[in-house]
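Remarks on the structure that follows.
First chain written, first letter: the chains are A, B, C and D, and each begins at residue 1.
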Amino acid sequence: MDFEPIPGLAEARKKYDDFFREEMKKAPPGWEGGPEDLATHEGHAFQRYVARELGKRGWVCLAWPKKYGGLEKSHFEQLAFNEARAYWKAPGVDQFGAGMIGPTLLAVGSEEQKERFLPPIARGEIWWAQLWSEPNAGSDLAAAQTFAQREGDDYIVNGQKCWTSGAHHADWGFAVVRTSREQTRSRALSYLLIDLRSQGITINPLATMSSHRTQEAYFNEIFLDNVRVPVVNRVGEENDGWRMIRATMNFERSGLSAYGAMRRELLELIEFCRETKWQGEPLLNKPLVRDRLAQLAIDIEAGMASARHVLWGQYKLFLGEESPRDQATRSSSLKYYRSELSQRFAYTGCQIFGLYSQLKRESRWAPLYGKFEKEYQSCLGNNIASGTTEIQKNIIAWEGLGLPRI
Amino acid sequence: MDFEPIPGLAEARKKYDDFFREEMKKAPPGWEGGPEDLATHEGHAFQRYVARELGKRGWVCLAWPKKYGGLEKSHFEQLAFNEARAYWKAPGVDQFGAGMIGPTLLAVGSEEQKERFLPPIARGEIWWAQLWSEPNAGSDLAAAQTFAQREGDDYIVNGQKCWTSGAHHADWGFAVVRTSREQTRSRALSYLLIDLRSQGITINPLATMSSHRTQEAYFNEIFLDNVRVPVVNRVGEENDGWRMIRATMNFERSGLSAYGAMRRELLELIEFCRETKWQGEPLLNKPLVRDRLAQLAIDIEAGMASARHVLWGQYKLFLGEESPRDQATRSSSLKYYRSELSQRFAYTGCQIFGLYSQLKRESRWAPLYGKFEKEYQSCLGNNIASGTTEIQKNIIAWEGLGLPRI
Amino acid sequence: MNLDFTEEQKMLRTMARDFLSTECPKSLVRQLEESDLGYSPEIWKKMAGLGWQGIMLPEDYGGTGMTFFDLVLVIEEMGHNILPGPFFSTVICAATILEAGTEEQKREFLPKVSAGEMILTLALTEPSASWQPQHISVRAAASGENYVINGTKLFVPDAHVANYLLVVTRTKKSAKPEEGITIFLVDAGSPGIQCEPQLTMGLDNKSEVVFENVAVPRKNILGKLNQGWTIVQSTLMKAAAAKVAEMSGGCQASLEMTADYVKEREAYGHPIGGFQAIQHYLADMWGYTDRTKSIAWEVNWKVSAGMATALDVAIAKAWANEAYKWVTERAVQCHGAIGTTRDHDIGLYYRRAKVAELDYGDTDYQKEIVAGELGF
Amino acid sequence: MNLDFTEEQKMLRTMARDFLSTECPKSLVRQLEESDLGYSPEIWKKMAGLGWQGIMLPEDYGGTGMTFFDLVLVIEEMGHNILPGPFFSTVICAATILEAGTEEQKREFLPKVSAGEMILTLALTEPSASWQPQHISVRAAASGENYVINGTKLFVPDAHVANYLLVVTRTKKSAKPEEGITIFLVDAGSPGIQCEPQLTMGLDNKSEVVFENVAVPRKNILGKLNQGWTIVQSTLMKAAAAKVAEMSGGCQASLEMTADYVKEREAYGHPIGGFQAIQHYLADMWGYTDRTKSIAWEVNWKVSAGMATALDVAIAKAWANEAYKWVTERAVQCHGAIGTTRDHDIGLYYRRAKVAELDYGDTDYQKEIVAGELGF
């Protein structure tokens, strides 16, 4: 075992740090890089700008083959990039394009699909949305009802999707649809790529709890009304979509860069508490505040230590070696650890801010641009999105520990 | 709604306070009134002494009919007595005799059984043990396997019981036994009163986690080897024991006096923290200590407020009126709230005591006679005994909230 | 001791629940949240017709002549249903005037409150964000027959629609911070008052109120000059206790909504309320709610009977603060993604739970009081 | 970066696990707990035969010449199996002598440690129950060629069987508390030393050690006169980090035992491991254990490589403190009544988790260090 920093990583990191340090000076005020920031017209414009700048340098998909727009860089160089981007809270990498559908196509797409869809992702030009959840199929994705009826070389798709992040800004979507009435649940699902400009698509904002009249929504509902999708846009075989879904899910990350970002946010909070004297003395002098901040530091580092092992497992897979036996369990476990930690972070921030914690960023009195007011609400979604905490625990119990299903 | 103190209660309370204040001066040193105190020879002798003094005054079973040794006092007078006894951490009332089998017999026993068994309980002379749990039937009591074979006017009982509190000091036991091989689970159980001096009974100590070579055990395992029990000692009909079990369970208390005791223990802890300066300043000056003690105070009072409603419901039942609809749910909820609170109390005490918290009472350096060292371990049993926390939550979900059983 | 509600109280609770659910559906709650006014004058008038604004005011002042405890039962239902608006501020201030006002002041203000023609609020907290006397720095200086107020109050509820503000000011420097504090009844329309909304998580109409040379007649002093702090304390106790009842109602509503939802919502072929994890969340929610109800009734009965101590109130508020947050947080989790949306009702409670914690003292503050009252 | 164990490390771990489970079954653990000696000299000798006491000592001193990290892998297995005895104390003190001792001292002590012929321990804490220099009050005063020690040390592990004590003393008053501290290598048989057992929850053989005019030769100073505190700090860092690994092993064992138990134990006709409430407890235990393992390996690798900071160690210990307690608490709950008995193995871990928290700094203490190292 050896935790020695990877040679060359610090230099690589510096290059990306320098880039983001400069570019992030152009971010809208109060930028935190969260969904609410990305949802606005101004925020999305900034996101597209940064993406194009990254795309020019080949940095959006560093590890991809050169023929699809990547630089064939190492896994660790990718990590350095991710960490720098997270640290600077920078946008510009489409988590659905570069993060999910891209790797899925690399793994299971046809050559034609790869050539058509991957380069625009790597250039930061085309933005994707994930059309999976439905009102009655959230955690239980196999219950999806949106139906794609084969008609010659096309599918005719009807149904409703929801929780599609940023769909109002996206160009394309990857969708889970039902393609058979004979089979049930996961045996009848297929995986389609849908142009979101197609006729019959209506995208409505789905406002989250923290939003109000002055704010734009990040999430959307999408209604599909006789939407025509060419059969060539199907990934994998008909009714074999479940396998693609699982492949896509596996591209969820170690979250290492997310802990790096939390580390920075904690330092920012500490700094704020050092400077702020609401009742005559700095908040940082209060023993309870010190205790709570120290607790966050501990929890962040513990998560980080564990996430490093996920990273290592991914790296071994990348090398074609066997990944640690408990890699999947660790991912499930860290998934909810991270969401609960970000919740505790938001709660702690609010606790420290007292009366001020209720103020939205529109108030000139709001500390840190109302960051914790917003996160106090938005953090809840993290315990639900991408598999609820309860589902993750079931998976750990069943698959990680071999407990019986009764 | 009216929370006005009950008229006359304060005077009644004073009478009992005066009694216990005097008698408790005779308690062994470091007395906390917990199982470990009662388990020792010295502790049990003190318990028997106090019981006889109470018995002389008719105070063991204040509310019982005079013909069985009670004083027919009101429910509230009983409360005053319970509170005073809890506050003074006094022994002398057999929770199994006066608290469980007595009320059960009053409700469902034969007249002969009442006349025979109740007066010695009220006089504080005869001590009872609860022979319910078995190694493979704890929470799931209906799985009990101890078998009572009918033979003329007797049953021949064979099996093993465990977790029988204080059985090595007890005179009699009330047992759940299986009396049919045709019926299964709860349909084949009967309820027997067993003289613990009967031939064929072996009582072995069952040492708890905190015990070691110098300490006596409170719990026991009981082996029954062809123990002969007269049929007249059966309570209720054969195979109808489940109804008796449920009747007995309902005599669990509101726990109000337990909160009163916790209140006193908290004040004692506060006092200790005021006086103790391990690192130059009183423990009570530490903001984290203050915060934790305040939290305990809050949690105790919240439980107390809720327990008062249980008491009220019991009182209404006693008056023959309808008890509040959610009375049973509240009892289940408070059962585990109380055990978790006593766990938090023990944990907080240990946290405050730091390095000293590990010391057993045998060490002259142990603070408060090693109280929290002991409770750090014994508190765990409270989350399990009399229905685990998980069982209580199931009951609340199913019966209190009407959630489906799937 | 009698822990049953009287028949009258039962009727009051039923009536309040029916009225609020009919008159103030959640769609209206959301609409009011986004409106400039922040409340419905129409409902306000109907409530006055039911005698609610004056429920605990004597009949002499146009009130209903019931008790503080009865008022609180209505507030509990407002917490259960959610009713945006200045009711809470107004009735607590009216109770303060009833307690501390001169007969002339009572005659001037209370009948108008009872009639639904006057909205009141307490302007106490400042940029120091504190409930303690040492942080009162808004000044009032004598000037002929008037006092002149200067300074900034923050987090003032309903100030944008209030007719009068009870402004807590410093009128004398003193070594003891609780000395030298005076409360003024200030006409919200007085020249020199600037009111700017402070948008909050609860969308509950708090404001920054700036006083610039605001003249107030000496006769508008509430209570005695320099001795206002005891009145503030008494007001805060009532407000905190009543807030606990409001929170208790919110817990109950969140529990009910969640229990209903998990019986309906299916996943993997079963109602999710059949899964033990969900059942155990609900069981814990039941417990938190039960303790909150119990402590809310008890503390408010004591306040009503004049028997409550600062310790009683601090303990109740500290408990309810955490309980309401916890219950609503689990409620959202049980609702899944839909629970996190603007359009679902459960989020209304989740947001209010956090704001209710802050109003009249968050948990850290209440625990300091508990420690102090217990002598440490 | 390479987070796989080397083949050598894998063998070491397997061998350690096999040896300990064979040589030290839980029945023996319980027997040793109640014994006066508190450890098995027989196992001690066998371990020396395997080279464990000297695992990180250079071959020059009879050691195996492996690293601190390798030592810690063995300690992790001792946490997994539970091995009562003075191994931990001895190897940490040996590491201190290796780091700070003179060549003469190394030659005197280390070969005996490697051979299993010397037991060492650190006598640091006092009735102030503190790990900080300002609370070191045991005095050592120069007297000819000797120093004379007076005072009381508490919570000294394994003092009753130790051959030598590393006694942390104050040799000079100073405005800076970390100045004027000196460590002495004190023969446990010296006249004037009284050792009285302090029975603990962990039954782990701690003692009160009273020094009354105990003479120690000047050459037995470890490190420099008055400059001992940096050595203490370095020792505490090693000890805390190694303790984290021991706790990590304990978490892992508790998790494994519990997972096994809930698959076997039936209630209501099902193995209780099929109930979702139990499953979710286990899932959380898995997570706590995983984080503890990760942070234990990382911090000990850093200590071993000389790259660990005080912040790294404090964070790791604070984490492990709470994780181990939490995991064992849930483990007992999953075991039900049987888990609360003296005769069941899980309680051995539950008791040790609490004591392990206290050793080398409890959570409150570690959090203070974290705060200080982060600059607040």
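Note that a contact is a pair of C-beta atoms (placed from the backbone, for glycine too) under 8 Å apart; a residue touches a chain by one contact, two chains touch by 3 or more.
Not measured: the values here are computed from a predicted model.
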Chain whose Cα centroid lies at the greatest distance from that of chain D: C
Of A-C and C-D, whichever chain pair has more C-beta contact pairs: A-C
Chain centre separation (chain C, chain D; CA means) in Å: 54
Between chain D and chain A, distance of the C-alpha-averaged centres to the nearest whole Å: 42
Touching two or more other chains - residue numbers and ranges from chain A: 288, 291, 390, 393
Residue numbers of chain C (touch at least two other chains): 275-278, 280, 364
Residues of chain C defined as touching chain B within the complex: 1-6, 9, 69, 259, 262-263, 270-271, 273-276, 278-280, 282-284, 286-287, 290-292, 294-295, 297-298, 301-302, 305, 315-316, 318-319, 364, 366-368, 370-371, 374-376
Complex interface listing, chain A residues touching chain C: 133, 135-136, 138-140, 143, 162-163, 206-213, 278-280, 288, 350-351, 354-360, 362-363, 365, 373, 376-377, 380-381, 383-385, 388-390, 393
Chain C residues within the chain A interface of the complex: 33-34, 125, 127-130, 135, 154-155, 197-203, 206, 208, 266-268, 275, 277-278, 329, 332-333, 336-343, 347, 350-351, 354-355, 358, 362-365
Sites on chain D touched by chain C in the complex: 275-277, 280
Chain B to chain C touching residues, read off their complex: 1-6, 76, 270, 273-274, 284, 290-291, 293-295, 297-299, 301-303, 305-306, 308-309, 312, 326, 329-330, 333-334, 336-337, 390, 392-394, 396-398, 400-406
